[in-house]
Amino acid sequence: MKTLSRENLNLWLDGLAAQHALIAPHLEAPGVFYRPVQRAQEIAWEAGRPVLSAKEFLFPPSERLLKVEKRGPDVRLEASPSAAPQVIFGLRPCDARGIRVLDTAFVDTPPIDSRYASRRENTLLVGLACRSMGASCFCTAVGLAPDDPRDMDVMFSDRGATLAVQALTPRGEALIANLPLVEELGEVEPASRREVGGLPTAEAWKESYSDARWAKHGERCLSCRLCAYVCPTCRCYDVRDEALPSPPGEAHFERLRAWDSCMREGYRLTAGGHNPRAASGSRLRNRLLCKFVYYPHQYGPAACTGCGRCLDACPVNLDLLEIGGALQEAAQ
Amino acid sequence: MVSVGRQKNIKLLSYSEIESVSGYVGNFEVRVRRKPRYIDESKCTGCGNCASVCPIEVTNVFDLGLSTRRAVYRHSPQAVPGAYTIEKRGIAPCRNACPTDQRAQGYIALVRQGRFADAYWAIRREHPFPSVCGRVCNHRCEDACTRGSYDQPVNIMALKRFVADWAFDHRDQLPAQRAKSLTGTPFAAHPTASGKKIAIIGAGPAGLTTALDLVRLGHQTTVFDSLPVAGGMMRVGIPPHRMPVELLEWEIQQILDEGVQLRLNTWVDDIPALLDQGYHAVLIATGAHQAKKIPIRNSNHPDNWLSLNLLRRVAQGEAIDLRERSVIVMGGGNVALDTARTVVRLGARQVSMVCLEPRGEMPGFAWEVEVAEQEGIHVLPARTFKEVVVKGNRIAGLRCAEVVFRGFKRGRPDISEIPGTEHVVPGDLVIWAIGQGPDFSFLPGDGSINTCYPVGIQTNSEMMTTTPGVFCAGDVRRGQTFFVVDAIGEGHHAARCIDRYLRGEQGVREPHRPPVVELRREEIEHKVELGEAARRPRAVIRNIGVEARRLNFREVDLTLTEAEAVAEAERCLRCGICSECLECVSACERGAINHDMQPEILDLKVGTLVLATGFRDFDPRVAPELGHGRLANVLSAMEFERLINTGGPTLGKVLLANGQPPKRVAIVHCVGSRDDRYHEYCSRACCMYSLKIAQLAHEYLQAEVFEIYRDMRSFGKGYEEFYNRTRASGVHFFHGRVREVTAVDGHLRVQWEESFHNEPDQVDVDLVILATGMEPQGDTARMAKLFGLSRSRDGFFLERHPKLAPVETSSQGIFLAGACQSPKDIPDTVAQAAAAAAGALALIDQHTISLDPSIAEVEVARCLGCGQCAAACPYGAIELARGKAAVNAYLCKGCGTCAGACPNKAMSLIHFDDRQLIAELDGALAWIDAAEEVGHV
Amino acid sequence: MSISEAMQSAARDVLASGQVQRVIGYETGPHGRVRPAIIDRPEEAERLVWSADCTHNLTVYLHRALTGENGRASREAVAPPARVAIVVKPCDSRAINVLLAEHQFSREQVFAIGMACEGMRQGAPASAPEATLQARCLRCRERVPVVHDVLLGEPPSALPEALPDEALAHVRDLPPAERAAFWLSQFDRCIRCYACRQACPMCNCPTCLFEQEDALWVGMRIAPSEKRTFHLGRALHLAGRCVGCNECERVCPMGIPIGLLNRHLAETVESLYGHRAGMQPVLSPVTGMLSAEESAP
Amino acid sequence: MYEPKVIGFLCTWCSYTGADSAGTSRLKTPWNLRAVRVPCSGRVAPELILRAFDQGADGVLVLGCHIGECHYDSGNHRAAKRIPLLLSILEFAGMQPERLRLDWVSASEGDRYARIVSEFVDALRPLGPNTWRINGAAPRADAAIGMPLPAASGLSGGAPCP
């Protein structure tokens, strides 16, 4: 087991921040957020789970894909510049898994999303293992663990005065290559686990499509996008061209991409006014089945990381585990 | 005007107000309220007979207060239509309070003019017994009298008695008096006989009133009474010292003279037989003539008399001597008081009055209790009667006990005896006057005419008893004694009910009553200030001394003298303006007058509207420095115009306050106009009419005329020439702005601020004429709201465009003509009126209208139906239909306020929609820094 | 009988008697969290609860429930309930008045189960035994719903003094530049999840002006300028309509003090036009005429 | 001295004509104002003004008919009710109140038009450019303001981790 003293860690992080964009949990007035930090001092070590996942640093809420400038007959296209290197430090295993889910959809499976890919290539994920699970966490139910290092480049585990360090990828090894690591005896003490039940089996999810409960749950849903926007794996977006202020005689506009969510009422609205998912229950169903049926069908494992953010964030306390539990019961 | 009035296609709705306007061009709905003229326009010939008999004089507004006119008047000699109008605010409180509907204001107005005979006939229209009610009424009219809220009410009862007494004293001359008056005898025209016969049982006030009313309606009536004299309780219940018999008899005789048949000494006890005998209806009006007794010990002793029996004997002239008797009268009401005072006059040694109620709560008049005590009666209130004490065979007194009296509960006194207060009131004759009730012994025994204890005979609201055709009125219906006016009032009502019954009509429609006038304190003060009502205190009634009352039945109270009566009548405030004396009704040969006329609501459907509401003269008193209303001989131009008009109040003579013709006249220009203190605008007409006045004053009055003008605005055709002519005729013109008009040494000094320094800056004259400007009518704001119009800052209606649409308004289909749009002279007014008419006709002729394309529209998918747009729309053009806003394209004027209000921008204004405005905005901002590019995350 | 039981009984009665077809109330969900409950059958009434954690403004469900627009064009053609019972606190009941004035439904369609309210607790349930009242409740003096068909619970006779709005005063007293910086930093956190809008009973436009496809008023960019426009625009739209239930602030995952904007405008409307939203079923005065005593600026 | 960029919403009946009248009277008016003609001041939705500021206007002047003289009876009443609220929220959000003004100019008041526009522009000059317009990201300074802010309550159940 290689360890690093806290002082050295801080020195290293200060150095990283000087070279790259360093993103780490940071305490703002209303809560903890992954934020760009300038110094290790700004990092919130003992705070709870960040309010938002880290996906915004790879898949920003909105970004320009293209700018168009039209001067008379001349049309000039201008692509957005490629991303700068960044290190996300203090990433939680669930959020790292979220990034993996995005990777699978955006990079590993064609067509490749070039904007995402550009950011992803320039991003290193440095994790910090959770010591225990929060009240609403259910990572163990989706095959993760509070200290699961699998999706990280580098994984740190807090041991008090020192931290255990483990590089998991070549890029990760390169990152910690020059660190004054100390080899210590013993193993990293595993985080305390809590088994969380309630998630239906893949079969039960599939069979639930016609379940009347969806409509009942949907009655309470406010159709906001909170669950989707706090979710590490929700990746729907909308693309639109919008006009920009232009000098006389010219027309400038840009192609924008911004977060969207299938929970939005008009998400599936078609020209002519038909909305196949007009009922909020059907939207709720779509979001959950997307995680547990549609994504696995297309890409592999389930797209839920068990971070529990949606359980806490929902203004009317729609609870994935509760809904799933009921569906599982119905299936049996 | 006359030709307009005669044009068949023009319907003039004069004396009318617009109540509401709705709809839109081509489909306006206008609700017009025609105020009642009280004169039928189609019958009135404008002869003016009505005005010549009208007793009410009011200020003549048309003559700007320079003369007076009558309450019935024609607006002006040239008025179209030429019909007269009665100015009536409503019915006076005195009339409203009186059960007989007596128009007190009417006879008071006639008394004020010394027309006592007319006054008498005016009274007798509603009231056959003025001499009675002039004496014994509880005069609710006086309680309601508006004057009472100022100082003391008019002594209406004394005036009524005066008129009744005057008429009696001059009864031989009355027909001649009446002949002399313009209107003739009021009841001369009998309606055609109906052939119906009515039997009336009881010749009291109710019965006789009904009989008289029915005769006047053309029916034949016979009145039966068991007594040998007619008049009922008026005759045998009111002792002669309060009501001289000969007056009442004369009044009854007049009733008989009008055709009522009277059968005295006739006891009727078979009412069904009366109906069988050919009477079409029967009225029971037998009154309440049975005095009550209560069964206390020895109340059957022969010296227990009944009050009504005693009064009846006295009234019939029986000589009763009570000189050796000591009398106890039991009761505290008016009958008890009458009885006690009668007993005094019969010479009783001692008279005591014992009653249950404490002093102050006795049902008799308080003033009469006082008079009774003056006449030597011992009043012993708050006592209950225990027994009549008999010693030997004679009554020795009445055992009483003092009580605490708490009023009546369910018709029974609520009292408690004060222990240990028993005592005997000495006396040898006890007279019961504790109340009276009707005698029902004559009713059919089968109960077909139902009575309801303790009230009286049961009737429905139409006065009919449980037997069809048999009616009931007066005390017998109510089961107890009320006042004479109440009986007369019931008599009137019964007559109307019987008349309608005989005509086979259902339900009695009471005559329409206009609202009761309520004068505000300041209106009352204004009337007293103007001298419309005299400032003096209420007339006091004198009486004969107490000594003169012994052993005789001379009337105690004296009547007013003629001078006193006129003086008292002058105190009347004439609340309703029209006094409703109905002299005009008699005077009108065409039968055009109807005092019961009601306002009429007309709903008109029209396609276009033209507003020509004109202007208001600037009130020169607003500018006090010019002296109008403060200094004598300062006139407004309009006042001068009225005075110099040969049809005006002075028939064309213009004289100064001292009676001399004016020698030097100054005309002050721009009064109220072109003055930032009053109105900024030029009133346009004043310069030219000032020149006309100058010429009139110069040539007609031979006066030296000074025109003090600011700028001479002679812009019209021939105007400059007129100015030059006036100048050449010798009128002096000074340029300047008048600062002040003051009185100096019997002259008026006009001082001005010189502009050109060509002439002196003051002149002494003896007459100043102020050329007042025009201003918007007082109710322009209300009218603008009613018609959905805008106003310009000067307050006049706003045209749609000052140059391109000067007669149209922002509301399509509504046009403006004349000075309601801005001040203008006659040629301009006529031109604009013709243009407005042409505009209106053009719309009518087209049969189609073109709308402004820039109106609001709704994007239904965005609308949430919250109604904020409808609330914001100044024109009510937006309605909510099925949860969405909908724009009425005819009403929408395209302001876009709805689009400004809509939270979701579902509402947009065509040609000014959000996309267009934002494009404009972006364009306007793009020049600022087009290069500065909006960056992004 | 506890208040919860009284509420259950009232809900059961109106459902069983057919007076209403649906009851909107509160129930306890997982982790003891109180949440909205929508029940259609009398036997479900036992789920309903009433406690100091019933902070949600349920009137947000009313329009949807009564029009059957669970979403705008439901494929399932189920007739909407004719009449709905709803549990309301004083603040929520004012929202009913605003919605009535705005013709969103008629009074007959609503059976309001009014709760005498002593304030809602701050924070998560059960986790904080000595939890204090929410700041908005400390400022509130209303204890009885202005709209109710039945009233449950005893309104306390003595009311504590309403606390002044210190946060509002604090922001108002900042110098303009600091105030601008403060708000920018707040708006900057916004992720345009629209939870504030969706939780608001007054925000019932078919599609929000600030989310139209045409990007006429505000673009789709999730950037400070757009976020500020959304928040200020929404506050403007709520002027004279916001009843102060503070749901927008409660649901915000980013802790943006949205309620300050609404409270500021509510105070402005009250001082300028003497109007408090929802006290009567009348429209916001903002669209109306100046009254005689109000002069032009 | 900074020259502010001003958007003027002028009602077509009064203030637009008033501007015309100022022009025909050869009155000097600052060039800074770009006029957007609207039928009535009531048409000016607050969102339009908000948008003008977002797009970089340094000031917005809304001119209508005097109260009681509205060509549309009372459209200006609505403006007079609405715009103070917009001003109030903009000021609360940190904008200088001098940057928005609602006033009345009648068709004949060219002088008044010129005076109001001059006054308005003169008041804006010392304020300098409007910082309202944001290009790109805002400074992510969690302004050090000592006030109690609500916790991100929806997430307060989150795990107290390592």
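The chains carry the letters A, B, C and D, assigned in the order they are written, with residues numbered from 1 in each.
Keep in mind that, in the parts below, a contact is a pair of C-beta atoms (placed from the backbone, for glycine too) under 8 Å apart; a residue touches a chain by one contact, two chains touch by 3 or more.
None of these values were measured; they are calculated from a predicted model.
Engineer: I'd like the most central chain, judged by C-alpha centroids against the all-protein C-alpha centroid.
Structural biologist: C
Engineer: Tell me which has more C-beta contacts between its two chains, C-D or B-D.
Structural biologist: C-D
Engineer: Determine the centre-to-centre distance between chain C and chain D, using the mean Cα coordinates as centres, and give it in whole Å.
Structural biologist: 30
Engineer: If you average the Cα atoms of chain B and of chain C to get two centres, how far apart are those centres in Å?
Structural biologist: Each chain's C-alpha centroid was found; their separation is 57 Å.
Engineer: Could you work out how far the Cα centre of chain A sits from that of chain D, in whole Å?
Structural biologist: 41
Engineer: Spell out, as numbers or ranges, the residues of chain D touching 2 or more other chains.
Structural biologist: Residues 46-47, 51, 55-56, 66, 74, 77-78, 82, 136-137, 140, 142, 149-152, 154-157 of chain D each touch two or more of the other chains.
Engineer: Which residues belonging to chain A are in contact with no fewer than two other chains?
Structural biologist: 28-31, 51, 61-62, 135-136, 226, 230, 243, 245, 256, 273, 311, 313, 315
Engineer: Can you list the chain C residues in contact with two or more other chains?
Structural biologist: 31, 195, 207, 209, 217, 221-223, 225, 250-251, 253-255, 286-288
Engineer: Taking the complex as given, what residues does chain D use to touch chain C?
Structural biologist: The touching residues are 46-47, 50-51, 54, 66-67, 74, 76-78, 80-86, 88-96, 102-104, 131-134, 136-143, 145, 147-157.
Engineer: Could you please specify the touching residues of chain C with respect to chain A in the complex?
Structural biologist: Touching chain A from chain C are residues 29-31, 33-38, 56, 60-61, 70-76, 189, 191-195, 197-199, 207, 213, 215, 219-223, 247, 250-251, 253-256.
Engineer: Could you list, by residue number, the parts of chain A that touch chain C in their complex?
Structural biologist: Residues 28-31, 33, 51-52, 61-62, 135-136, 215-216, 218-220, 222-226, 228-230, 238, 240, 242-243, 256, 258-259, 261, 265-266, 273-283, 311, 313, 315-317, 319, 321-322 of chain A touch chain C in their complex.
Engineer: Across the complex, what residues on chain B touch chain C?
Structural biologist: My answer: residues 861-869, 871-872, 880, 883, 901, 903-905, 914-915, 918, 934, 936-937.
Engineer: Spell out the residues on chain D that touch chain B in their complex, using ranges where they run on.
Structural biologist: 5, 7, 34, 36, 38-40, 42-48, 51-52, 55-57, 66, 68-75, 77-79, 82, 106-107, 135-137
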